[in-house]
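See structure below.
Going by the order they are written in, the chains are A, B, C and D; count residues from 1 in each one.
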Amino acid sequence: MSEITLVTMPKWGLSMEQGKVNCWLKQVGDAIKRGEEIVEVESEKIAGAVEAAADGIMRRQLAAAEDTLPVGGLLGVIAAADVPDAEIDAAVADALANFKPLTADDESSGASPEKIQVGNRSIRYLKRGEGGTPVILIHGFGGDLNNWLFNHEALANSRTVYAVDLPGHGESTKDVGSGALSELADALLCFMDAVGVDKANLVGHSMGAGVAMAAAVQAPARVESLTLICGAGLGAEINGDYIQGFVGAANRNAIKPQLMKLFGDASLVTRQLVEDIMKYKRIEGVDAALRTLSSALFADGRQQSVLRDQVAALGKPVLIIWGEADQIIPVAHARAYTGKAQVEVIAGKGHMVQMEAANEVNQLIKQFLS
Amino acid sequence: MSYSNPASVGIIANPASGRDIRRLTAKATVFPTIEKANMIQRVLGALGAFGVGHVMMMPDMTGIAAAVERAIVAHRAEAHIPWPAVEFLNMDISESVTDTFNAVDLMVARGVAAIVVLGGDGTHRAVAMRCGDVPITTLSTGTNNAFPDLREATTAGFATGLLASGRVSRAEATLANKRIVVEACGRCEVALVDVCVTRHMHIASRAVWQPEALEELFVAFAEPDSVGLSSIAGLLQPVRRDEPHGLRVRFGRAGGSGVRRFVAPIAPGLLERVSVAKHGLMRPGERVRVVSGAGTVAVDGEREIEFGRGDTVEVMLDSNGPRTIDVARTLHIAATRGLLDV
Amino acid sequence: MARKITYQQAINEALAQEMARDSSVIVMGEDNHGGEGSPGEQDAWGGVLGVTKGLYHKFPGRVIDTPISESGFIGAAIGAATNGLRPVAELMFVDFMGVCFDQIFNQAAKFRYMFGGKAETPVVIRTMYGAGFRAAAQHSQCLYSLFTHIPGLKVVMPATPYDAKGMLIQAIRDNDPVIFMEHKMLYTLEGEVPEESYTVPFGEANVVREGDDITVVTLGRMVHLADQAAQAMQKNGVHVEVIDLRTTSPLDEATVLESVERTGRLVVVDESNPRCSMASDIAGLVAQKAFGALKAPIEQVTAPHVPPPFSDALEDIYIPTVADIQGAIGRVMEFRR
Amino acid sequence: MASELTKDRLLQAYRTMRTIRDFEDRLHADFATGEIPGFVHLYAGEEASATGICMHLGKDDYIASTHRGHGHCIAKGVDVMGMMAEIWGKKTGTCRGKGGSMHIADLSLGMMGANGIVGGGGPLICGAALAMKLRKLDDVAICFFGDGASNQGTIFEALNLATVWNLPAIFVAENNGYAEATSSKYSVACDNIADRASAFGMPGVIVDGFDFFAVHEAAGEAIERARKGGGPTLLEVKLSRYYGHFEGDQQKYRAPNEVAHIKEAKDCLTTFAKRVTGAGQLTQAELSAIDAEVAALIEESVRRAKSDPKPAAADLMTDVYVSY
């Protein structure tokens, strides 16, 4: 049966209990390569593509567009051309018979975020996987560890991967101090102390990339490599209107046009995503944190800390990934890095490239780390 | 035994008593209108039991008379021992002490055998000023009185009925009382218990409860177990109601030479330190002139006269107070002589 | 992601956080702790359904039990609000407004206007509403439209634990009198609620579900029924937009009108009685301001114009159901001129 | 002693009473011309009550008033110019022309407002007093109400709460004998409102409301007691209003010479003047000087009220909420 691969409804984030099939990207009979996107599904929070776990032929599609399935529910079957239909039908029957929807108990037994006291702050993080030099995923301005929903698990299949909420974000303490990159980098390094990580591969998105770079500058010995995704700190330009619009937005209607700037495909901005951002912004201290950060880092629509030369001087391995359609930080910054780096620009995707092109980004990072 | 048709009895109930500032400054009771009306009903029952056929009552505008009227209707419906016919005097009501004066004048003119008074020291004083030698039955409405009896209205009515029906003679049933006459600023007032010269500039809410305001006190009698200003004298040197003299007390400053300090119940629940410089007997007929700055004269505990610097205040004790029914003695006589047998 | 707690716990947490943050916040009402003056336990009840449980010991002297005297203590809360406190007074059941409405609508609601803008009355009146408890006619009404009618009051009715916490904190910090309505059937509803303090602004409806075919405007407990109806309709290919008004004063007209402009169809779902109701108000609003967009008559799903009955057999048909809502959606979708 | 009446205080008392009287007399005259809109309830005759009580109060003490509230406002220090403008419906009024005679308020002076609802102030005062108690202030809150309000449930609830919470609250029953056109002899079951105090576990005191000194002294004791934490008091002030329930009321329900007789025998200003001049505390010249000043003040307030602008149409929509 090893040559039969079941495609099931993925679980993107702890709160996801079910997903809706948007459309099939491959049809029955199509040849499929491992890692190729085969079906687009949508949770309450986000839409994304499920990638093939194995090479083969698309032999069955058990869910149609618009169907809603629980997490783990059977979407389709991939198998080699020579696997008999009877075997495939048996596998399908077996899967359907033995399927149990996830319960609350299963959820709590899986990975769930924890909080740790780091100095005066409580920092929330989610740890997955075991082994190797740990990876730390660092979200951007206004984000949180859920920004890595499509990456975290994929990256963690062979190593320890942490995703953190930076100060002022997610469920970490909202005090950001001066708001300088160095202060956030300090917090990151202290977090590493607290969880016992001596040295890590830092993966930063946007402002988080700036934090990763600052941490490398401050403590070069503790940084193995840097992955900078649509990163801040590589040049002065940034979309000041976005920053102001994001900080100033007091309601759903004001925030939505800002969030649409984050994606190449603006339809990915779901009602739930908008609602989640508004819920974050309403939390006491968030407004002040965002204002402090935006004036410390992005005053007058310009990035105040450009660290590329200092980082280049360290000679660390660097991977730079950018969405070609990034409307927040110009894609030109990808090429502006002065040191040695692998630079990858992904066509058609926006600032949230790690979500929009999750499989591609995951592959790039995995290759880079190995 | 047969008796002549008993004479009328008057009833005066002061609608204002039991509500002054002592409710606030002391722990004096609020004495509700309804309870005054209840007391009158108990008196009526007792009078009826002795065949008193007619009662004159002072009218009022605060509901006592109205409540009694309602009670009469209800009583008639129940119809066991009849009550006397109650006549509410036909008089103008000013809602002041004048009403009491007018009512007493009418009762005296129509020859009542006795007047039952419900009120405090002030009410009894007002009645005493007009009742001449008609005996009065005293009933205290409240906790802060020295002159009237604090007793159950039923037995007071009982004794009054014995007197009004002639079963017990006036000589045996009643007592004489002293009084103090005070003259100041051309006004003359009569006190049954005490006259106090105070430093209060204004009559204001009338009551006296601040020991530092006391200047000089004159009492007709001084009972150590009473409450009010006269208790100060009573605790210095008791004087009975049937002794001929009174007492004079001069207050001093705390710490002054020869000044005695002690605690006295100058109002219900109000135990205050008082400072007395000296005291002495007050002889009947002796006119005493008080020398003081501006202030007020309180008569039976109520400020009545404002006087200025240079005005004179003169007081004199005599034995021309009202005759009051001695309820205990009257009932004792009735019991020992079998006057209650039917 | 966030921790899940009940609607009732969310309200308790909002009170506790605001009381900790601001010493002028007090809680008062009948048996808000329970046991006052009795020989037994203090905080014996913590509110009739335990919503304020635990606050009494956490905030000594600031959880005040009152006599059963609604005019007196609701008025006192209003008076205290004019003198430096931020009282959260509990009117146990909204049905009891009948014995204290003067203090709310002639006093609290009017102060600011009558006094030429010089008064602020930061009082919150928490009150339980709604049918489903077999509590009959005097303990089951919705009555929000009566408060909504009065200028000077803000009227809010969170449908979820998240909104309950954020809107109560907003209500406490708000400088106007706020009627905060809690549906008694929602107390045990669980939902994600941040541990931290946050506010949900008033006058901003929540789009619970997006859809382009028909708009369902609803509020309070009916939000959940409407969403279930919408989910069921999705299987038939009908994409329903569900709007939770969240506050009826202020009213988010823009979100309602924008949605109906897009969908052209409207069903209003209101647990209250139909005359002079939020249902008729929203229908009137849309008829007046989005008439041109309407493709079908507006349907209202409400309780009938009778008092809430006692017997379950009657109450179950009194309260609008998911099936009622689906039926209304179906009729509006099928309407042809 | 609660509060000594120095010469300055006596002058202040007279000035306040005179200001109230002239303010009300002037309104009475002007209302008859038809220029003043709405309902106006005048306090003339009752001046000793508001004055004798409010003289003990500072701006942090609260009072709640009634529909007959001008006297309480003036005694609590509300600006007479603003009041007159308010009653004339002008933008310069205390409430910018939005309240009128029945709703004059100034919370910055502890004046919680005249109130168009009979008995509406009782619960509010309990709240103000509760705030004082919880905030550990030694302020007091006073509820003025009439014999009509004395029969309202709100007042009973407030009296009960005040004792239950041991509040620094004083309930001042201004018993002028008439609730609108109905005698309190009919409507108040126990006749003396003060009698009800005992049922609520607080002292009940009756004081002569024509006598400033009596009111001042009794109120002083009650207020001092409340400030010290001694709890609430019910003070019944027996007095009389000279004018009708509202302007235009012909008072046919009163005895033919009732008002004239009261004015003759008891008027608070006349008796006050007689007492203080008789005792040599103030001279007639001093009183006359105040009379002249007050007359000028009232004249000026009317002149301004007449010429001041009315609210603009845009003012209709403002001041409903702090934020909406």
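Note that a residue touches a chain if its C-beta (ideal position, glycine included) is under 8 Å from a C-beta of that chain, and two chains touch if they have at least 3 such contacts.
Predicted model only: the values in this text are computed from it and were never measured.
Novice: Could you give the fewest steps needed to travel from chain B to chain C through chains in contact?
Specialist: Graph distance in the chain contact network comes out at 2.
Novice: By mean C-alpha position, what chain is farthest away from chain C?
Specialist: The most remote chain is B.
Novice: Using CA atoms only, can you tell me which chain is the most central one in this structure?
Specialist: C
Novice: Go through B-D and C-D and name the pair with more C-beta contacts between its chains.
Specialist: C-D
Novice: Compute the distance, rounded to whole Å, between the mean C-alpha positions of chain A and chain D.
Specialist: 70
Novice: If you average the CA atoms of chain B and of chain D, how far apart do the two points sit, in angstrom?
Specialist: Here the centre of chain D sits 36 Å away from the centre of chain B.
Novice: Using Cα averages as centroids, what's the distance between chain C and chain D in whole Å?
Specialist: The mean C-alpha positions of chain C and chain D differ by 40 Å.
Novice: Between chain A and chain B, tell me the centre distance in angstrom, where each centre is the average of that chain's C-alpha atoms.
Specialist: The answer is 96 Å.
Novice: Could you tell me which residues belong to chain B and also touch two or more other chains?
Specialist: Residue numbers touching two or more other chains: none in chain B.
Novice: Indicate the residues of chain C shared as contacts by at least two other chains.
Specialist: Within chain C, no residue touches at least two other chains.
Novice: Chain touch graph shape: choose line, ring, star, complete or other and state it.
Specialist: Graph shape here is a line: each chain touches the next, no loop.
Novice: Return all touching chain pairs.
Specialist: Chain pairs that touch: A-C, B-D, C-D.
Novice: Touching chain C in the complex: which residues of chain D?
Specialist: Touch residues, chain D against chain C: 62, 64, 93-99, 103, 105-108, 112-113, 115-117, 120, 122-132, 134-135, 141, 153-154, 157-158, 160-161, 164-165, 318-324.
Novice: Where on chain B does chain D make contact in their complex?
Specialist: By the definition above, chain B touches chain D via 15-16, 19-21, 23-25, 29-30, 32-34, 61-63, 66, 95, 201-206, 210, 212-213, 294, 306, 308-309.
Novice: Taking the complex as given, what residues does chain D use to touch chain B?
Specialist: Residues in contact with chain B: 1, 5, 185, 190-192, 194-195, 197-198, 203-207, 211, 213-214, 216-218, 221-222, 225, 233, 236, 238, 275, 278-281.
Novice: Quick one: in the complex, what on chain A touches chain C?
Specialist: Touching chain C: residues 13-15, 66, 113, 146, 171, 174, 250-253, 271, 275, 279, 282-285 of chain A.
Novice: Where on chain C does chain A make contact in their complex?
Specialist: The contact residues of chain C facing chain A are 1-2, 162, 166, 192, 194-201, 204, 206-207, 209-210, 234, 237, 254-255.
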